[in-house]
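Questions regarding the structure given below will be posed in turn.
Note that the chains are named A, B, C and D in the order they appear, and that numbering of residues resets to 1 at the start of each chain.
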Amino acid sequence: MTAPLLTMTGIQKSFLGVRVLHGVDLTVRPGEVHALVGENGAGKSTLMKILAGVYTADAGTVTLDGEPVRFGHPAAAQRAGVSTVFQEFNLLPDRTVAENVYLGREPRRRGMVDRRRMVADTRRLLEDLGVTGLSARARVRNLSVAEQQIVEIVKAMSHDARIISMDEPTAALAGREVALLYRLIERLKQLGVAVLYVSHRLKEIFDLCDRVTVLKDGALVDTSDTADLTTDDLVRKMVGRSITGFFPPKLPGTALGDVRLRVTGGGNTQLDGVDLSVRSGEIVGFAGLQGSGRTELAHALFGIAPFTVGRVEVDGEGARIRSPRQAVRYGIGLVTEDRKTQGLALNQSIAANARLVLDAVRPRSAGRAAKAVPGLLSSLELVARGHDQEVRFLSGGNQQKVVLAKWLVIEPRVMILDEPTRGIDVGAKHAVYTLIRELAAAGMAILLISSELSEVIGMADRIVVMRDGVISGELDAARLPADTAEETIMALATGQNTGAAR
Amino acid sequence: MKPTSSTATARRAPLSTTTVVYLALLGILLVGGIVVAATGDTLFSNANLVDMLTRSSLLGFIAIGQTLVILCRSLDLSVGYVVALSSLVAATTMDGDPARIPLAMAAALGVAAVIGLVNGLVVTKLKVNAFIATLGVGLIVKGYLDTWYAGPAGEVAPAFQAFGYTRIGPLPLSAIVMVALAGAGIWFLHYTRTGHHMFAVGGDTDVARMSGVRTDRTVIVAHILCAVAAGVAGLLIASRFGTGSALVYDDGYDLESIAAVVLGGTYLLGGRGGIGGTLGGVFILATLDTVFNVLSVDPFIKDVLRGVIIIAAVAIYARRRLTRKPDRFGGHVDPPPRPAPGDGAEAAHVKGGVA
Amino acid sequence: DDQADTGDDQTSAEGDWFVQEDFDRQLAQRDVTPEGSADEPWLQAIEPEWVDTAAFAKEGGDATVCFSNASVSNPWRVTGWITMQQQVEVLQESGDIGEFRVSDAADDDNQQISDIQAFVDAGDCDTIIISPSTTATLTPAVQAACDSGVPVIVFDRGVNTDCAVTFIHPIGGYAYGADGAEFLVDNLEPGSTVLALRILPGVDVLENRWAAAEQIFNDSELDVLGFEFTEGDGATIKDIVTQYLQRGDVDGIWMDAGDGAVAALEAFEDAGKPYPVMVGEDELSFLRKWKETGITAIAPVYSNFQWRTPILAAVKILNGEEVPSEWVLPQDPITDADLDEYLERNADMPSLHYAKFGGEDLPGFPDAWQDR
Amino acid sequence: MRTTVSGITSRILSSNATVFVLLAVIFAVVFALNPGFAEPMSLMAFVKKAAPLILLAIGQYFVIVSGEFDLSVGSLVGAQVVIAALLIDGNESATLPVILLMFAGGIVVGLVNGLVTTLLKVPSIITTLGTMLVLYGAIRWLTGGAPTGSLSTAFRAAGRQGVDDVPLIGQLPWALLIVLVVGVGAVFLMRSPWGRTLIAVGDNDQAARFAGARVWWVKTAAFTLSGFLATGAGILIGGYAGVTAQVGEGMEFTAITAVVLGGVVLGGGRGWVVAAMAGALTVEALFTLFNQLSVPSTVRPAAQGLIIIAAVAYAAIDRARRARTVTETHPTPRHTDVATP
């Protein structure tokens, strides 16, 4: 066994007095692909950012080649051969591929930036990684998400990296593009580069990784060879309990009523042939890979990027929804997948955010209707100093509750939840699930988009699977055999016929 | 490996913004030429050409500098005051003595650089919004000017007047210097790290910082260069006036230079654009002025037309939609949601892999 | 040096803008009887030195007259500009002038330099009239225009070169400033307080006015409370005067231009204070207020009719007739004695019109000045 | 929301208090230098002078808090006064129709600014720079370069007159009443659904749009209010001092400065309209202070520049500090799952 390239020992980190990493250990060997897995909020990204020099650890040591290191800035880590592809995109859309790759370290010749060399080097890096057809001079804005991902990896490689950490690199990739990433990683391995790989997709872990480290609630569970693990083992390590028991049962009295929302032949530039119906009291789950078009579907229904063909009906009546405002008028609510940029006015108070829809769409009755806000917030168990606190000071789970309150106060007929539990912790999640059950019981039609398969399986009455902008299948949750549910869905989502996950 | 990207080149925007700016310039030259011809004159006479180029020089210097700060997502409203101050510093330092020309130039540009430095520091370190910061610094300089220079002061050496009055062939020297400075600016943005970093800082400060760019330093440098460019404009003023003058600060160069930059296609929120476009923007404004002049348009109507044309031009740029996520399904545009230029081209691209 | 209004001598003891010699000469010129008919003050000249212009004579009339105007950015210039256009019309009718080509620099010196250059480059101006924006800064451009061989006429503000065939102007800023200051000295008790309101610093015609006034106040027993720049803005003027009144009495007001004189008087009204002894200008708003309130006042005049003279001079020059090399026009303040006369003559004129505009005999009178 | 006095006090204390402190300090110094200034009559004179800027600042506040700029208000004020003089020309009976026409004109200018900015996507700094040029040129073209005509006595009443023979203060200026009414109106407007939506739009226009707000309309309404209030400012300033050619010039920058001094953040989403009004008062008080201190006219811009930079820098740094303490003293949340910026 080779000497470890990287060791992290006893890493601790707190934010605002809350410890999120409790002494984590991690070793990475040269040329290995090492998976880092765990639930949302387990601390994966935090650990990676400490390695990358974005955060400094409160305690613990990092050694590289046996030498203790301490990176104060990402640039310092990169100089030492530690590169990171962050969870959020880190590129300048208006600059070229080459300019992005060499940002901050543009090669110079006689004091001048050597553009030719920059392009040539980028091209060589692309070739080294076996990427063809991606121009070093192309503007990043014009690239697909997958191509942008490649640029990020090339940028990481350009530092002569010996270890690259990738935080959910496939999060934005569709099935075919994941294959490209597989090839890239294969290639990195050949080049002797170690890869620290974070993903929620277990299939990838087994396909790609040599070893896997599991984090739970900021603590190390253990590290083992993937070859010695089954999917079940891994899930148990991550979650620590049976997934099914985690989701609250359907409330008594929940009844499937009439069809509240119906789409026939819906399509636009991103979607095609969408046929869909959701009944009152029903929870329809939407599964699919990132980029499969679930958010676009939500946006189409909500009038953000409306359907250009097809027909939408709400409670049996044809609905022409061309803007979010009209959607709200039809009694549709949308909890967006990105709270911060789409869901909240961060500098405004909790109360102001909670009554935003009322203020914007129903100004006349807003004052009266807003009287319900405090009660609603307390029933959601919001934790805050007071309702005049600005929402930017709230934790993510509490922020999400404010978003929910904003919609609940208008008592919508149809509620679209796009990744409603993204980035919120286990306790908050449970509260959200309970709430969803209550809404269904109250007769709302619910569309639940989630990338966490367990969530979809655990909550939905019916599961719609999407792939590349079309609905590739529909499953009745009650009839899904528990042990092969995930495989069935994944097969529909990826278009592969074989049971993909092990 | 067959990535999805064989189309990356095909998908590139059809026309760069700079091209559009120069097309607009061409259009205005054409329309202006025809209108002028209709009145029995010619726009493309030597005299008018010289006039056009001369008019563009002063604004050109200022707008070149303004481009740099705007690229960094900042702004400089103090340029008019810097022009005035540097013209005075140059003229009073020179005091008619040709031997003191280099000293005077250095002093003028040095003082300009100091003001730029102050602007940069107030914006980055004191975190004052650039609009207020540079407005405030401008007021401070104005106070100094009004207190210490009641009227024109100093005298430039006769040789120095060459900068403002000499022509090489039909070309005014000042215009040649201005275009050369623009060239230097373009070179700077293309071939220096700091230049590259200006795009990065303006595009996304966090990305720049994460990539190891010293963001504050970059913004400060942009402000210094902007002020120095305004300082060069001050030198041109001094050479044309034969003296230094405080009152030039009232001539509206601050807002006009911003308009020229935006007309040149640089994005007001930073990160996108360049000096080539700005030069086009400056020429557009100069052409308008010359056409108005040849046509003897009432000076007040000039302002009206200028206002309308600036808004219209920027509106046209804004309509040029940025390339976004490629379409998956091209056929579904029967009632197009909102016809925008570029839609057709993009709709033609159908992403493969479905069915 | 016979250029009266220039401020190039900065070494005098009294400050940048005071030149004793010019001060003395201008004050004396007020008492000189000008040559020429008093019915046409715009053709009168004080102590002229005639120059021969035969070299510029042009056959056949129809001359192209080019005019580079600093701006029409204040009421004084607006009034004069109308007068000038009316004068041009007369001469176009008579066939003396063909094309009248104008560029307006909107108070931008650099723009005006370009404008003059454009005239020179165009090569077809028979004469170039220049109303310079700023004395010192326009000098090189005017010099270049002279060097091109075209006869150049400068009026209003001067330049630091006497290359122009003629430089037309009223007596000047010192005389203007002195008229008001002397009036205050004569009409106020010693020890009275005076507030000076100025438009903006750095413009020589205006600086000279203040320099003369300051000189006279220094030699008097008046107490000058201070001077303030107002940019000619009524609200600023009213506010500043109001504040001075809150601190104490103001017995006299001296202004370097009459814009906003009414606002200054209103400040006294609104504060319930007695009117001051007032220096305004021959702007009708002020003259009317003067009449209405019966205050003790004077209206110094910076003869607006001078806008006719350059056009007439151009025709003279192109006819080869001689003109004064420095054409000093009379500049008599309006006093209590002739207030009524000027009010009557301008009864239908707008309030921002200048009483001594001298266009009553032009065919466009009065419409051209009334509905501009 | 509480409307009580204590509510307002706590709002003053919790909002960025810089401007209120600055205002108090300036007044204290002015009173100390010249106790006469504290007399009701002097204060009322001050109010008359300050009123137009306060109206402009309120209008500018709406625009700035929605994330935009309005550079056209100075020109608009000038245009309004000049048009009023042109149309009224001393004819008392024309007063009311002309005032109505002015308001219509102001609203149209605001609408154009708003629609060009929101629908044509022209950055508002360019849009309003354009309208500034257009108004400036059009008005001078219309009048040949300098104002003609004159204002009626009735027109001038709002800016110059008041309710006479009020005990203690003598005259209660109409301008004060107008500012109070508009100010109270603005406070209520900002508490109304529209006001809340406006500030949310300035904070995050995408979130506001996704909540069903018509962003284009909300912003356009803000520009329209700005045009409307600039008209009001024009009526007050024309009333206060009559017509001069320079009226309004540069007031856009003074108004923006006032709003920013009031702690309203350029870029939108933050700030209190009362603080913006206090900012306008502070700017005017500063001019008064300079006068009382006999600061030479020429030095004043420099002092003004320094004070503005200092106040805004202090507020920016103070805000950053507050953000930190608020987070630190925040009771440990049960769920701490997401990064706080």
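Assume a contact is a pair of C-beta atoms (placed from the backbone, for glycine too) under 8 Å apart; a residue touches a chain by one contact, two chains touch by 3 or more.
Quick caveat: nothing in here was measured; it's all calculated off a predicted structure.
**Student:** Could you tell me which chains are in contact with chain A and with chain C alike?
**Tutor:** Chains in contact with chain A as well as chain C: B, D.
**Student:** Please identify the chain with the largest separation between its CA centroid and the CA centroid of chain B.
**Tutor:** A
**Student:** Quick check: more C-beta contact pairs in C-D or B-D?
**Tutor:** Taking the two pairs in turn, the one with more contacts turns out to be B-D.
**Student:** Measure off the straight-line distance from the CA centroid of chain C to the CA centroid of chain D, and report it in whole Å.
**Tutor:** 38
**Student:** Centre to centre, by mean C-alpha position, how many angstrom separate chain B and chain D?
**Tutor:** 31
**Student:** Nearest whole angstrom, what separates the Cα centre of chain A from the Cα centre of chain B?
**Tutor:** 42
**Student:** Taking the mean of the CA coordinates per chain, how far is chain A from chain D in Å?
**Tutor:** Comparing mean C-alpha positions, chain D is 44 Å from chain A.
**Student:** What residues in chain A touch two or more of the other chains?
**Tutor:** Not one residue of chain A touches more than one other chain, so the list is empty.
**Student:** Counting only residues that touch at least 2 other chains, which ones in chain C make the list?
**Tutor:** 72, 201, 229
**Student:** Among the residues of chain D, pick out those that touch two or more other chains and give their numbers.
**Tutor:** Correct list: 145, 297-298.
**Student:** Considering every pair of chains, which are in touch?
**Tutor:** Applying the touch criterion to every chain pair yields A-B, A-D, B-C, B-D, C-D.
**Student:** Would you mind writing out the residues of chain D in touch with chain A in their complex?
**Tutor:** Result: residues 192-194, 196-197, 199-200, 203-204, 206-214, 269-270, 326-328, 330-341 of chain D touch chain A.
**Student:** Using the touch definition up top, name the residues of chain C that touch chain D in the complex.
**Tutor:** 72-75, 77-79, 81-82, 201, 226-229, 231-235, 237-240, 242-243, 246-247, 259-260, 262-263, 266, 270-271, 285, 350-352, 371-372
**Student:** Which part of chain B faces chain D closely enough to touch in the complex?
**Tutor:** 122, 126-129, 131-133, 135-144, 146-147, 255, 258-259, 262, 268-269, 298-308, 310-311, 314-315, 318-319
**Student:** Where on chain B does chain A make contact in their complex?
**Tutor:** It is residues 1-6, 8-9, 11-13, 190-193, 195-197, 199-200, 203-204, 207-208, 210-213, 271-272, 322-323, 325-330, 332-337, 347, 351, 353-355 of chain B that touch chain A.
**Student:** Which stretch or stretches of chain A touch chain B in the complex?
**Tutor:** 54, 73-75, 78, 86, 90-95, 99, 103-106, 108, 112-113, 115, 130-135, 138-139, 141-144, 146-147, 150, 174, 176-177, 180, 183, 267-272, 293, 306, 308-309, 468-470
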